[in-house]
Structure formats: C-alpha cells, structure tokens
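Labels A, B, C and D are assigned to the chains in the order they are written; within every chain, residues are numbered from 1.
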Amino acid sequence: MPNSRGFFGNYGGRYVPEILLPALDDLNKAFSEVRNDKTFQKEYHGLLQEYVGRETPLTYAGRLTEHFGKARIYLKREDLCHTGAHKINNAIGQVLLARKMGKTRIIAETGAGQHGVATATVCAHFGMSCIIYMGAEDISRQKLNVDRMHLLGAEVRPVKSGAQTLSNAINEAIRDWVSNVDNTFYIIGSAVGPHPYPYMVREFQSVIGRETMDQSLRQEGRLPDHVLACVGGGSNAIGIFYPMLDHQNVMLYGIEAAGEGVKTPRHAATLTGGLPGILHGSLSYLLQTQQGQIAEAHSVSAGLDYPGVGPEHSFLCDSGRVTYASVTDEEAIEGVRLLSSKEGIIPALETAHAIAYLKVLMPTTETSEFVVINCSGRGDKDMETISKFI
Amino acid sequence: MPNSRGFFGNYGGRYVPEILLPALDDLNKAFSEVRNDKTFQKEYHGLLQEYVGRETPLTYAGRLTEHFGKARIYLKREDLCHTGAHKINNAIGQVLLARKMGKTRIIAETGAGQHGVATATVCAHFGMSCIIYMGAEDISRQKLNVDRMHLLGAEVRPVKSGAQTLSNAINEAIRDWVSNVDNTFYIIGSAVGPHPYPYMVREFQSVIGRETMDQSLRQEGRLPDHVLACVGGGSNAIGIFYPMLDHQNVMLYGIEAAGEGVKTPRHAATLTGGLPGILHGSLSYLLQTQQGQIAEAHSVSAGLDYPGVGPEHSFLCDSGRVTYASVTDEEAIEGVRLLSSKEGIIPALETAHAIAYLKVLMPTTETSEFVVINCSGRGDKDMETISKFI
Amino acid sequence: MKKLGRLKKLFENRGSEQKIMSLFITAGYPDPGSTVELIRELESSGADIIELGMPFSDPLADGPTIQHASKIALEKGVHLDIIFDMVSEIRDQSDIPIVLMGYINPVLKYGLEAFFLKASRAGVDGIILPDVPPGEFPEVESLCMKHDIAPIFLVAPNTPEERMRMIDKSSRGFVYCVSVTGVTGARDGSEVSQSVGKFIDKVRNNVKNNPILIGFGIRTHQDAMAISRGVDGFIVGSALIDYIRSVSDQEDWIKKTGDFVRKLKYGTS
Amino acid sequence: MKKLGRLKKLFENRGSEQKIMSLFITAGYPDPGSTVELIRELESSGADIIELGMPFSDPLADGPTIQHASKIALEKGVHLDIIFDMVSEIRDQSDIPIVLMGYINPVLKYGLEAFFLKASRAGVDGIILPDVPPGEFPEVESLCMKHDIAPIFLVAPNTPEERMRMIDKSSRGFVYCVSVTGVTGARDGSEVSQSVGKFIDKVRNNVKNNPILIGFGIRTHQDAMAISRGVDGFIVGSALIDYIRSVSDQEDWIKKTGDFVRKLKYGTS
C-alpha cells in the first residue's frame, strides 16, 4: 500500500495542476469505496470472466523448456484476454468506476494501442463516449489498433508534439483532463501517473498474479521460483508481481526496453539508465537530460517506448526486491521468433522483451525449478513491424 | 453419425483418387480409436484448456439485446480462442492424430487464414513441418494472417488457379497429399472433404456446442431458443449445432454468404443457391454451372468464399432441422459495425454474417427467449478489408 | 458386347512383344475444331487407345499441364455434348478404342442415365473417373455394365493387395496402374522407373482378369519401355499435351504431333 | 525581506482603481539574446510583474502557444543558469518583481537547494510551479521561505473553499486565480468572463492574506478589465506570446510588443 500521500517509499505523489486535485481526491475516495464493495467486485470479476475470458491459462511451454534444458517454463496467457493484452483488466475496472462516479466522457492515452483498444472496447460495451490520444508516430506503427479503435467508435486524436509517442500522448490527455475535469474520467493505461492511479492500476491488474499463484499451486504444487514480466509503465509487471512480493522465495524480474542499447541515447530502460524525477504526476525514475528535460525514449515496441516508469517499480528497484534488466530491440525480435517457433504463440513486442531475457536467466536456473513469464499480449498488432525485421 | 460409407443421408462419401483411400482408411481407423481413448481425450482437452484457453465464455450482450428489444442475446466467444477463431479446436485434434499416426509433415488449406494460422500454430507447438496452401487472392486480403503463418515457421504456398481462393487451395492441398501420402497428414479446416473428415471435424468442434449447453443451463437454466452460426464449410456451425440437434426446441440457423446477392452470380450461398454435386471428395450442395463445372464463389469474407458446404449441412438442410439463410457483403459489414459499437467486440467478417441475420430473426423472437450466436472469430485479420468499407 | 469388344480385341490381338500405347488428350485442347483430326493423327501414328479428357474446373488429381489444358478447353466452350459429337465423328471412320476420362460432377449434372446412354451411342468404350474409386458409387458401376462401357479403375502404389483384387474384379477393359503417388505429369520417367519394378510385380500377382496399362510420368520411348516391362502397355498424357502446347501455334502442329507420337511408340519417327 | 518586499510594495502601493498587470513570457523566446531587452520594454510599457517561464520539454499544463515557446527556447539552449543570468541582468537596472514559472523536474535536477540559492541571489521574487500544488512537496515550500522567494500557488474554479484558505495560507506574494478549467491560452476572454463572477466572489471570501491576480484566457484590455473586477490584477501569457510570435520576424518587434502591452494595460497604446 502506498502511504496516504500516495508514496511507495520515496516514489509517487500527486504532482499535478491544482485543478486536478479535487478530481484525484474524488477518484481516491471512489476507489477506496469500491475496493471492498461486494457489488462492485462482483460486477468487475463477472466482466473479467464472462467478457474478457478470465481466468487466462498458465500454459506449460514444453518446447521452450526443452530449448533451454533447465527450469520448466510456463506462460501466463494474458494474450488470450479479449482485445489481446492485459490492459483490459484495468480498463474494465476504471470504466466501472467512471460509471459509478457519473462521468460520461472517457479519455485515455495509448502507446501500442492496446490500452486504447481496451478503453474503446469497454466504452463501446457501456455506450460511453471515448477519446484516445496517441502519438502520431505510434499511429503509424500500430495501424491495426488504430483501425480497431475507430471501428469501436472511439475518436483517435493524433499527438504531434515531441517524439510523437506515448509520453506526449499522456501530456495531451492530461491537458484534456484539465480542460474537462467535470465530466471526464481519465483512464490511465499503466501503473503510472498521480496517486491513486499507480495503486489503483496495480489493484486492477493484480488478478494476474493471484491467478498465477493459484494455478502454480494447482499445476506445480508450489509458487514459481522465477517470475518475469516486461516493464513499460509497469502495469503487467506489478500485476503479476504484487501478490507474490511477500513470498521472498519467488524471484522477480522486470525487463525494460534497451532499444538500440542502454549505452546509446536510443533506449527506454528507465530503471537501468534513468534517475529519479517528476513526470506525469509522480516522482519516479525517469530518462532525462543533465538539465532535467525529459529525454526521448526509444523502443521498437510502442508499449515500452516511455521515459518513465511506475513509482512502485522505482521503490522495488531501490529495495532490491525485484531485479530489473533490459534487452535490446534486436533481442526482442529474436524473442518473438523464439516463442512463435517453439510454442506457436506470437507474443506482443512488449512481451517479447521478457521472453528474450530467458537466455540470460535460464542458464542460472535448476531443472527442479519453474519459471513463469507474463505473456502480456499477443503480437497481431506488431506483425507489420516484425515483418520488417524478418 | 454418418453411415459406414460416410454418408449423412444422401450426402458425404469418399470421392477421391484411389491413392487416397488407404490414407482415409487409416485415418478413419485412427480416429475411431482415439474417439473413446482416455489418454487421447485427456491430452486433447488438456490442450484446449491450457493452450487454447477453453472454456470460452458465453457473454451476455446487453446493449445488443437492448438494441433489438426482444430475446436476450448471448455470444459464444470462440474469438477468444488462441489464434482468434474456433479453427484451432479442430487443428489441435487433427495434429494429435497425425502424431499418433506417425506423420511428420502437415499440410492444410486456408481461406481466411484462420485455419492456416491454427495449423501453423499447432505445428510450431509440436515442432512439425507445415505447408499451407492459400489462394493468391486470399493472401492479399488476409495479409496479417500470412505474416503470422510465416512467423510460426510455416511455408505458405500461393495458389494461382481459378478464383485463387479457398476452393483452389483445397485442390492444391489434395494434389500435395496425393503426391506425399506416405508421410503427410492433411489437416482439413472445415467439415468438408471425404469421409471421415466431415465427421471428425464435427467431433473436434462439438466442444463448442457442449460448452454452450452447459453454460446455457448455468446462466439461463435451460437450453437456448435460437442458435445462430455462419456457414462456410460449416465447421463452427456444426460444432455448435450438433450437440443440440436432438433438442427439437432449439431452433438452429446457419447463415451463408450472399455476397453481392443470391440473385447475382457473385455469392457463396451454397445451400440457398446451389445444387447437389461432388467436389473435394464428398457429395453435397455445390455452386455449379449448367454443365456441372464448379462456379466461382464470392464473399467479402475469405472464410465463407467457398462453393461447397459440409455434407452434414446438406442433410440438415433437406431434413429441415436447420434453417439456412444468407446475408450480403454489405449486411455483413453492417454486422461488424453493430457488434463492435454495441458490445466492444469486433467480429470476424465470417461471424458478422450471423450477427447481420439478427435483424431478420430478432423481430420474430419473444422477450422471454434467448439467442446464442457462435462468435466464431475475431476481426483483427479483417481490419484492412473492413476499413475500406468504413 | 460390341464396345467392350473393341478394347478386348485390342489386347487379345497384341503380339507378346508389342506394348499397347494409350494416349490422353483433353477434348477441345488446344481447340475444339482440331480434336477429331488430332485423334486420327494419333491413331495413324501408333496410338492404340485414346483417352479423351472431359475438362473440369477443379481437376484435383491433375498436375499443371492437364489443369491448363482443361482450362483452355472450358474457355473454348467444351462440354459433354460436344465431346459425344467428337466421339461419334471418330467412330464413323475408326474402331480405335475411346475411353472418356474426367471428374464425376459434370457427369452427375448431365444426369447419370443420360450420360451413359449418350456415351454408349456415340461409341465410347470405357470410362475413367479418378474421383470415383470402385465401391464408392455403385450406381456408376452398374450403369457402365448396363451400357456396355468399361469401368476402368486405378491401382496405386499404396493400394493393398486385397483391394487390387477387388479393383481387378470391378474393372473391365484394362486396369490403370498409377506408377507413382502423385498427380498427372508429376515426375519424370527416369525417376519413376527405379521404384516401380516391385510394385508391378505386386499388381501382376493380383490383377489377373484385366490387362494392365501403366501411366503417370512417362515422357519418352525409353521411359515407356523401361516402365512397361511386364505389363501390357503404357499411357502418356502430360508429355503429349506439353508437346502439343509447345507446337500448337505452328501450322503443321498436328503432323508434328504425329512425329512425336511415333517416336514415343517406336523410338524413332 | 528584500525580495518579498518588491511584490509586497507593489500591491501596497497600487491605487484602488489600478489593476496590477503581470505578464508571462518564456525565457529565451523568441531568442535568448532579446529576453532582457524585451522585459525592459514590457516594464516600460506598463508591466507590473514579470513571470519568466522556465522552458520544459513536457509542459502538460500549457496550451499550444506556450508549448511552442518552450520548445523554441529549449532548442536555443536555454537552461536555468542562463535564466538566472537574465534575472541578474534585469535586477541590475530594475526593481520590477520577477516570478519564475515552470515545472518541477528541471528544478529538482538542478538541485533544490542550489536552485533556490541561485534564484534568490539573482533577484527572483517568487516562483510558480504548476505541477507542485501546496502540500504535495513540503521541501519546496520551506526552501521558498528560507530563501525569501514567494511561493505562489493557484486556485482553480473547482478548488474547494477550505482548500482555498489553505492555499492562501501557503502562498506569499499573491494567489494566482485560474479563471477556467483548462490549459494556458485555452479559451478566449469573452467566453471566460461570463462564468467567472461567482468564482471570484468565492475566492475573495477565502483568500484574505494575499492579493489575487486572475489569469488564463485574457487576450485584450476589455477581457482584462471585465475579468479582474474585484481582484487585484490580471495575468496575460498566451496572448502576449502569440503577439510576439506574429511580429518577431520584424526588426522593431520589441517596440511593437511594447505598443501591444500598453494597449493591453490602458486600452490605447
């Protein structure tokens, strides 16, 4: 739990324009109410089951296991969620909250387009108006998802400032929120932003970790030895990590995007290559210049192409509970190929970062151990990008 | 059950080159063995659960129900299956059989690419070599799926004869099979082809109908009043219909592709506009000319663009147990839009045919009734085609 | 018994060293107007049997060559009545056995009874339907008998011996022995002949009531001689059509085709 | 108390009819070399306070105008030390209150202590950090006090009254009253003034310790007069930068900007 001011250790907070504070207060209050509200939780979990298709399986990856010849590898199949990624777990939770709060207009930012599609989807499901901010660069590299959002009735607003990617889309969404705070609910897509977002998003995504624990117990009789997830803003990672944080025997690994290399200026490995700072409402690790300007992130994967990271990850990084590492664009593409050819599962480019890290992790494991990778999304949206590399 | 010669009433049979008969005999024998073999069924259902993500939900479509203001509408969510359509239920069953029979080389045809992707997927999962025949026209209209098959390690062979669609791809796959019958297993993607394929594919797809019945009982306390499915070759339809055939109170509707209209030469409504004949190894309704040449089918949806239909459907059509109707390309696009905007579920163009038929069916229903639509697949693969219309 | 007679007589009269040569062409290829003349040329150049292909839109047992010929013939308007007329015209002047070969659907659409009646009247001697193996469509077999048209079935390298005997029993005229697993025109003869010896022995041990012709993949006289050792003759299809395709834009293509056929049969033209 | 003094004196000395005019410009826009001269011109044309924007890469509370100005300033290499130099240079010749305005991250990266020390030494009078509302970053507030720099906070139309009183308590110099929900430059003044009356009454009932300046959306003298009725003055930012942008390629753009500013303050230039 973050403290009352929204801090995980030194990280978090609410560094936002005055105008948003009442909205954050309202949100915090509403979320606290529903957290333990049976009706809400029943509706939320009902939708996860009947609409999203949860629980998602924990699939044994036999040929991948054979490939490394060490610990057994399992995949937590968030790629099977409706719309193709874990993002919808959170979008559903937030849209239910928005309805409860009487908001009629939904805005969201998106990078890979998965959160945008998830938000557009839940808005269509509930008949709410929906505007998605998306960097112009991301619009061109995730065309499939843009088409999907349009078809779902959302307006996709191209953001042309900066690198025209996720970070700029968040700026623009915040500007919209500042301007329409009365009737508008901002559904943030990752465990970032001002309190209570990082906490709330974690709570909505923790269903991943809880299911993984249950399934591990069912299928292996105990909790996993190693759990991997890719880290963009950090929602899929914190979702699978959080319920296992107290189980010290479970080793946790968050894999960031090293782009063209953490030694180059073109990467998005915030915890590996960044320093604490304030962006988008919270204090956390950031890619920034000597002067404290926000650096442009780079990753082949639009969903990881973000110079910040959720504050709870900054805390877990400093505390050492989670090991953060990074893999390059090239290694990620190799990861796509590996999982596709060994298991018949084409992962999202984001997810592929976690897969790619196996080549580092697996040699250190024992055959008696088992590993769970959060397969956060499917690769359909990335086929165009991937095809260019293959 | 078909009779011993593979006939459903007057339809079915094994009209294939002599060279394939031993292979069909072997297949029939192997399939009879596994049908009641616990080990096989356990492996099959285990994969369906842990790899494919079954059971798929039966989702209540609240806003769609409201839209028509009559019977409650549910969606059987085959779109949530791994790879995005029901096709994988069958591909998994057949690949397991191929392994059991010691075959090392898998071939398949594909129209929409869903069966090709499903087959390439299960081949990757089991490390088997895989060749997919696909009409050149379909290759261009289902590019996403072609890229996916490549990434999964399959060879996609373009078929340039005839209309360059599904029917031609089947011809070419049969030619391959004839040439490599010793080591090759042909995974047919729909309930068509020579005996035992129509029967076997039905059995592998019946999991849809069995789950639907269980879920209907759980969620509504009884079986549905109306069940709809689109019909290309007829596998998703027979899969959901078959377990309910004996329940005479359940009305069944198979929806074919009327293309530009059944009165025009450009359609694929075999049961509505065809006559019995023999193609691809079985006797069934067919689109054909006065001279018995096979007519070119047309549908905006590659998966329905086929001049034949599974023999069991021909039988069910003649017997009147199932009502067959058709909707046009334009109506199908309207169906995509309807489901996307009302429920946040973008259906495959194939599925959209069943959705589109609601406007005919729903006014005849009672508010006390409920309808189940087999949501056979998701629309990601069709976004390019759909975008052109929107 | 007149028609069964033509095929029967052919095999009864063949010298022990002589191989029967059956030639396949697609009716109406390269154009309908020349089919009759072409057949006469084939006969006078050494063809013993003519297999006349009834073109079909979806010839799934055929390779690219015959697919192409079918497609051209269909584009030029060939259909069954035209084919019957062709046969009648040949029959006016020749007793060469004529076997129709094609897929079942057009036959079905024509009407089974009508088809066999007309075929018989036109002077057809036998029929090969690659997508109707014996036992799968009994009505076709009984109509053959009724109309004195020889049902000619195929045996393949993977056909079990018991089934070979059954095929032999169901067949009249001859049994069509497919030398390789594959579609028509698939492999070249030299490749084929390696593995074919054992298979032929097996066929001969089981097919006792009918002569045996062997086909698939024969492109030259050498192929034909090598492969038909121990059987009654051989069948050439794709190689002939490939040749026709290569010369059909020349004025004297029919004469040239005659030369090609003589070479096929005798080794020299 | 020297610096708090400059802002304090300004408000104490204003006539009851006179409205304080605070002008926002981005340091280094349109180019760093002209900022000091521009500020002198603003002062001589009627500006009572200068808000000097510290450019930031991600100005999430700003509209397109100030985003653009920030971007240009950053491209031209502006950073905090340059801004301190600018302030020092102005301070050599003028006692106009100078308030720095910008986002917290560059300040944090500079080092909080170092920043406030240098700012204080350069002669900065106050600071506005739109992404640091009162209570969220106590260290910033105490450093303000320590270095005699006025922490200026904002009240917005949706700020609860209790919080307005807290903001009043936390603020020095003046309270920045945001007239509309929105980013800078969002709406034009005529639209704004309709709804603003009630809001201002509420602010005045709660903000008792500090003068009140109102901003956001003021583009003309008329806007300014209409909107600042009942408060101590007004703030113009985007409208000024838009004007500069429109004339900055002309040689006498600074003089022209002076004319624009006089018109803003007095209705005529």
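Worth a mention:
We adopt the following convention: a residue touches a chain if its C-beta (ideal position, glycine included) is under 8 Å from a C-beta of that chain, and two chains touch if they have at least 3 such contacts.
What you see is a predicted model; the values in this text were computed from it and never measured.
Note on connectivity: the fewest steps through touching chains from chain A to chain C is 2. Chains making contact with chain A as well as with chain D: none in this assembly.
Among the other chains, C has the CA centre that is most remote from the centre of chain A. Centre-to-centre spacing of chain B and chain C amounts to 37 Å, using the average Cα coordinate of each chain. The mean-CA centres of chain C and chain D are about 97 angstrom from one another, to the nearest whole unit. Averaged C-alpha coordinates put the centre of chain B at 67 Å from the centre of chain D. Multi-chain contact residues of chain A, defined as those touching 2 or more other chains: none present.
Residue positions of chain D touching 2 or more other chains: none. Taken pairwise by the contact criterion, the protein chains link up end to end in a single open path, with no chain closing the loop. Contacts between chains, counted with the stated touch criterion, involve the pairs A-B, A-D, B-C. Touching chain D in their complex are the following residues of chain A: 5, 13-19, 21-23, 161-162, 167-168, 170-171, 174-175, 178-182, 275, 277-281, 286, 288, 290-294.
Across the interface of their complex, chain A is touched by residues 49-51, 53, 56-60, 63, 77, 79-82, 84, 120-127, 144, 147-148, 150-153, 336-337, 340-346, 379-380, 383-384, 386-387, 390 of chain B. Across the complex, chain B is touched by residues 56-63, 67, 71, 74, 79-80, 103-110, 130-133, 136-137, 153-160, 163, 167, 178, 181-183, 186 of chain C.
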